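The two complexes that follow have subunit A in common; it is paired with subunit B in the first and with subunit C in the second.
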Partner chain A sequence: MTIDPGQGGAVRTISVWSRAHRGLCTACAGILAAAVAGAAILPAPARALEPARPPLRIGLAGEPTTLDPHAVNIAPNNALAWHLFEALTHVDAKTRLVPGLALSWQALSPTEWEFRLRPGVRFHDGSAFDAEDVVASIERARRLPNGQFGSFVQRISDLRIIDPYTLRITTAQPHAALPLDLDSIFIISRRHAKASSDAFDRGEAAVGTGPWRLRRFSRGERVELDRNDDFHGVLPDWASAELRVYGAERARMAALLGGDVDLIESVPGADLVRLRTNPRFAIEQAVSWRTLFFHADERVPENAAPRSHPLADPRVRQALSLAIDRRAIVGRLLDGAGRPASNLVAPGVFGHDSTLAVPRFDPALARQLLAEAGFPGGFDLTLAAPNNRYPGDARIAQAVAAMFARVGVRVRLVTLPVNVYLPRARRGEFALALLGWGSFSADLALRSLVATRDPSRGNGGWNWSYYSSPEVDRLLDAAAGEFDPERREATVRRAMRQAMNDLAVIPLHHTMASWAMTRGLRYTARTDEFTFAHEVHPATERR
Partner chain B sequence: MSPGMRGTPPRQAAQARSAPVFALVTLTLIGAALAAPWLAPQDPYDLANLLLDHARLSPLTRDEAGMLHLLGSDDQGRDVLSAILYGLRVSLGVASAGTTLALAAGLTAGLCAAWHGGRTDAMLMRLVDLQLSFPTILVALMLMAALGQGPDKVVIAIAVSQWAYYARTVRGSARVELQRDYIAAARGLALPTRRIVVRHLLPNCLAPVIVLATAQMAAAISLEATLSFLGLGVPVTRPSLGLLIANGAQYVFAGQYWMSLWPGVVLLATIVAIQQAGHWAGRKAAGGGASR
Partner chain C sequence: MGYGALVRIAQSLLTLLAMSVLVFVAIYLIGNPIELLVPPQANQAEMARAAQALGLDQPLPVQYLHFLGQALKGDLGRSFTSNAPALTVIFERMPATLELALAAALIAVGLGIPLGLWSAFADGHPASRATLGLATLGFSMPTFWIALLLVMVFSVQLEWLPSGGRDASATLLGWRTSLASWQGLAHLAMPACSLALFKLALIIRVTYAATIDTLRLDHVRQARARGLSPARILWAHVLKNIGAPLLNVIGLEFGALVAFSVVTETVFAWPGMGRLLIDAINTLDRPVIVAYLLLTVVLFTLINLAVDIACLAIDPRLREARGR
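Then we have the complex of A and B:
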């Protein structure tokens, strides 16, 4: 399923008011002297013409756990952070890299980058943004105890401020993906560089340059936002927005059907079928960047009997992969809201290797491989999955458990809420653990998920398999030093091919991101699955 | 004294007439649960039986293997009828185990309090007061959060959240019985305490407790269903009625009602039938008591 091509153009012609306002802003920027006065006076009458709208209400699937943008690297938190903060680089709806707080960047040498920053940007508290804030943010992301964004800046060895709007970044080794990494580092005001996560959650430090200001954050329930009228980009169409959390699929659907919210993300597959025929609602859908897969713990403790750790045998991992009927999972369980995966990243994402085939479904061969590996009678296994994170996660795990049962592998199924699940999975408590990962570049995904664990280099932080291949590591290092995008992509593809052939992970499918909204609204499906209140627009009339 | 039949309000008379029906329904359900492995067309707890290709078939359709799904199949390819029969087994099993455990604990505590009186009585009854001041579901939720998932954990949660009702009831009737002559006579014979309590006191306190237990059994079933519905009860691979309802609920908006509806109907029937049968037994017992 692809995005309606007609809508791409429509994004740029939003409403008469918005266009007028943008023109107005450009004019203001031109007449620098009048800018301050102009911004203060001119938008007021313009806004008076805008009909008073109730806040935009959005039903979120995932609960943002904190407002600290450098603490917990999970999608719900990052999605919320994008409302309040920005990064040096952004990605657009189709994961292409676009300027953010940096207007442009270039590699001066294999290990040195120059970023030119956007002038005239103000934080929500009125203070001006410059290179000092970038340095403070990178430092905080690196230093924050238990912060999960450190790996994105691990390779940075030096930061040099040339002038307030020019920053030189040196990396220890050549690192061609630095601009992509910096998309994950949210820029906070340097005044709050020492703030604790609590200070962000209380709101006092949650001061960014993003399109929304924070009004209220009630953890697990809702976030209330007000438009940042000083935002340098396209202003949101609503003066305020409410992001409400509905973890359960049917609660989210009920909220939409009952009119409690205007738009929901992550629509259950079965309901999509129904909503398509309902004239009150509109649907947006796209193959997302998220791939679901299992990590199979390959560790064999010293002096353990090899037969006690079947997953270390590649034939066993192969057998498990062959036992999974991906077509049935996508078709029957998810009502088509997914695509069987052969890669760790979705088609179209940088580094996707289209020569890899989706693993076959062949239970007979799976049984044969298990017998060859010395497990003709199967074995017992703990399979774990979150039950409130990815579309259909617990049901998928259950279906996979049933498929394994048919080749003789007896599964103890553990499904847990994601906040309990992730810490336990990271401690390596489960033999097979379900994970979903979204990345706009395969080398970033491979580095986190399958590279040999090496905390000092920020590698393998999520490598729950403990897979280790010198060849993959070598290719990833080579890609990091390759500045020619085409050659770099070719190298990344080789690493992908190697890792997938070794079954470093057992892939399931790429998820389909979906949004449902009341008719009259428009949202362009984002590959990164994020729901941004500032990208919701009133639908233009269609005839 | 029980009111004479002439004075019986019509509603009570209707209840009395329908009582055997409820008793019959209760017995049928218990029988069906016990015979599930022989009655069910499929073993829904054997994961190897579940095929996604047979998932979400509407009632009265045949799957590719030729099996007729009378009540349809669920999202994992479980035959709904089989899942209900096995689920009923789990629901009734867990609820009766929980009720029995609660009953045992409550009887012991209640008799202890009545027999010893004084400080023991005060302490036990304050504990009961404390526990009863919390809603049952809250107590159960906290326990499940602490204990984790599993049918055995649900049994414990039911027992812990219900023992107080029995303790209070038993204590009340035991205190009344302790004033009676036969207890005084037994004491006069210098019988050992255990013998007086177990052989003389306990049997005479039992009637109201049994009545309470039937009502509490219905409450235990719905408690288990609630916990499982919330995903805190039984494991997903061995669903009870509550979990079946939860699993199917996400398809209700999509018009695929059968995965939730039929387990829901059976759960409702079970709870109502057991409760009504309990009421009926209770009134019988009260009548019997009056004629003593």
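Then we have the complex of A and C:
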């Protein structure tokens, strides 16, 4: 789960729990989750490729800052790491959990898991992969000074190697989401367990089991990759690839239009319209995992004057939600690159409750609710948003301020660069604060965003509204100890419904992720917004 | 001269000190970098641990003194966002920026001085007026707009030049540089030209103005009256007179090219140092910001020193003034 990126910097933390996983693990409690996703497992026959095909050139929006996969947890770094490394579990384009370096996993007891590892896998240097490497990687992720992946393994209390391809992991408390957490721990060779970040950046330690080998890493400029012909999965269609960084939208578009790259990620909304009508290019789009919403500060200090804190009244929050024209925001401000939201997580994500309807746009009803709540003449509030983090963030805030004005709520609008905005919002300086969050698992999003604040348990760390519902807290606790995915998701959905009905947050929209490529290529749009060179294919080769 | 240099070095050290204090305080006022550094699901304990690892839990003066102690040993800290030494991160980008600045400076000086001189000698001629007019236009058009225009014409429409990025796959004396291959030069062409445009306009105007003033001086007019050839007047009188002011302008502008070419670097996705500074500010990556600005101060000091020495060599009056 994540606060989200704007300028290419998503903090991606994965908490994936998804339908495939449900299918996979119907028997988490005991039965082995047999590996399903065929493509990922079957050894791919080496394909005859014309030798002279030029490298695949991809234009990235965000700059990978390091090759150390355990150091800095931002989206561009994780995306690059997936080219060179693998994790025990993987996530497919639709956020479904699939086997990675682990073929299967099962919970032996509420606190003990057994992972069966994939035999016959080799690192880029030719050495064989086994459980020792997994232990070394988890230990490194936990210990690395300044490392930002420690929280994915903090619940692990013990690692036991049964045989080279069987690993038992014990957690301090029941933790049903462990397989999802391990999707974030990249497996390095145990020979480099002590390597510094610098050794990874120089390339000598950047030795994984992934589909590509590193040829050259030039920070801020480009990464050159060669196909790993010993890869155990589907081999990439290109023998080499170049990932180039074009931070500015204009530069990225120009690179595609001018033929310098074959594919770009994060296409500017305004250009999508133009590219669609251009026969030279193709577009792929998907609703991404990022949801934008407002936290409304519900705190009422003791001895506060009556009605001095209107946002504490659910009717007022309801009125504000009804006053927002989400279709206009998505259609006009984002040029269609978004979907109005009813949930805290995107459709299809584990725990998304599809029975919740997108809030209506009904200013008349909003005014009526405000009057009922005792504010017929409206009130004043501060609405804050970052201005360089999410697509269109400042303009969206302006539009919402204008919509509120129409129902009589007078807004003092504050838009700030994200480095100033986040600390102030976390200190609770704003009545309404915009936030974006990406998550593959609704319970983890709810735990951070709406669970009652409890620093000792890591709950409610981003609960800027100070919403507190014993019912939601209880459901979330129940979900954490529930190993049956069906029942777990049902519980999470109930928590989601409760929180959204209480307007713990006021949802706005889910963003869309988009890719543009020269015609002749195809790329399956990924919900997690990652761009993978090994998932780009020639359009003619349908499989 | 020796005394002057000592004073200059002392001044620079003071500037460095002041700059580092300024950056520390400024970032402290913006916010705590730790807020942007920890993953969102981190709990209080993890945040505290991260803050401790980075030394951000200490009071600001303690953090500063610690920084100062390390800096004296040549260690400016590790970047928060890449976990690499701040100086390494900057030096990795420096060749790209130096290349770009050098190319732009060559274009600006190589064209600007001859054009400025010629405009002054041929003052009043329609072509001279046109040159000066275009120079004024060069001032007034924003760099990023020119850059976008170049991209639209030469990359997207004509497809002659690459739209951006740097190609430093060829090596020259062991350095990976764009200057060693046609492909590299093609990538360099548009960013260098768009960056040079403003400086070119400036140098034309400055050269023109200085030359006009010099041509009006009594001894130059007398030299003309004596029938000296324009070439002789140019070499013996004009260039010596305009040399010092021109060098000052060029020196300062070159410093600015190196340190602050962020707009051009962004439009052309040029992997230089300018973008690094902006990114570092956005993420409150204090070690990088401090190291960058300190290097900038050093750079400007060195350039000023070089300009002073060059001026002394050119202008005897300065030598006499300093000698006393």
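Keep in mind that, in the parts below, the second predicted complex is superposed on the first by the 320 of 543 C-alpha atoms of A that agree within 3 Å, B and C clash if a C-alpha of one lies under 4 Å from a C-alpha of the other, contacts with A are read in each partner's own complex, and residues count from 1 in each chain.
Basically, a residue touches a chain if its C-beta (ideal position, glycine included) is under 8 Å from a C-beta of that chain, and two chains touch if they have at least 3 such contacts.
Here the structure is a predicted model, which is why all the values come from computation and not from measurement.
Once chain A of both complexes is superposed, is A:L422 in touch with subunit B (first), subunit C (second), both, or neither?
In the superposed model, A:L422 contacts subunit C only, not subunit B.
Decide which partner touches more residues of subunit A, taking subunit B and subunit C as the two options.
For subunit A, the partner with the higher number of touched residues is C.
Considering only touches as defined above, state whether A:A399 meets subunit B (first), subunit C (second), both or neither.
first
Tell me which partner A:L322 touches in the superposition: subunit B (first), subunit C (second), both or neither.
neither
Could you say whether A:D260 touches subunit B, subunit C, both of them, or neither, answering first, second, both or neither?
second
Just subunit B (first), just subunit C (second), both, or neither: which does A:L446 touch?
Neither: A:L446 stays clear of subunit B and subunit C.
Touch test for A:R250: subunit B only (first), subunit C only (second), both, or neither?
It touches subunit B and subunit C both.
Which subunit A residues lie in the overlap of the subunit B contact set and the subunit C contact set?
In subunit A, positions 250, 254, 257 sit in both the subunit B and subunit C interfaces.
Within the complex, which stretch of subunit A touches subunit C?
1-3, 7, 9, 11, 13, 63, 65-66, 68, 71-74, 145-146, 148-151, 154, 197-198, 201, 218-222, 244-248, 250-252, 254-255, 257-260, 388, 417-420, 422-424, 426, 437, 444, 448, 455-458, 461-462
Which residues of subunit A touch subunit B in the complex?
Counting only subunit A, the residues touching subunit B are 249-250, 253-254, 257, 268, 270-271, 273-274, 325, 328-329, 332-333, 387, 394-395, 398-399, 401-402, 404-406, 411, 413, 415.
Could you please specify the touching residues of subunit C with respect to subunit A in the complex?
30-32, 35-46, 50, 53-54, 78-85, 88-89, 92-93, 96, 148, 151-152, 155-156, 159, 162-166, 168, 266-269, 271, 275-276, 279, 281-284
Of all residues in subunit B, which touch subunit A in the complex?
46-53, 55-56, 75-77, 231, 235-237, 247, 249-256
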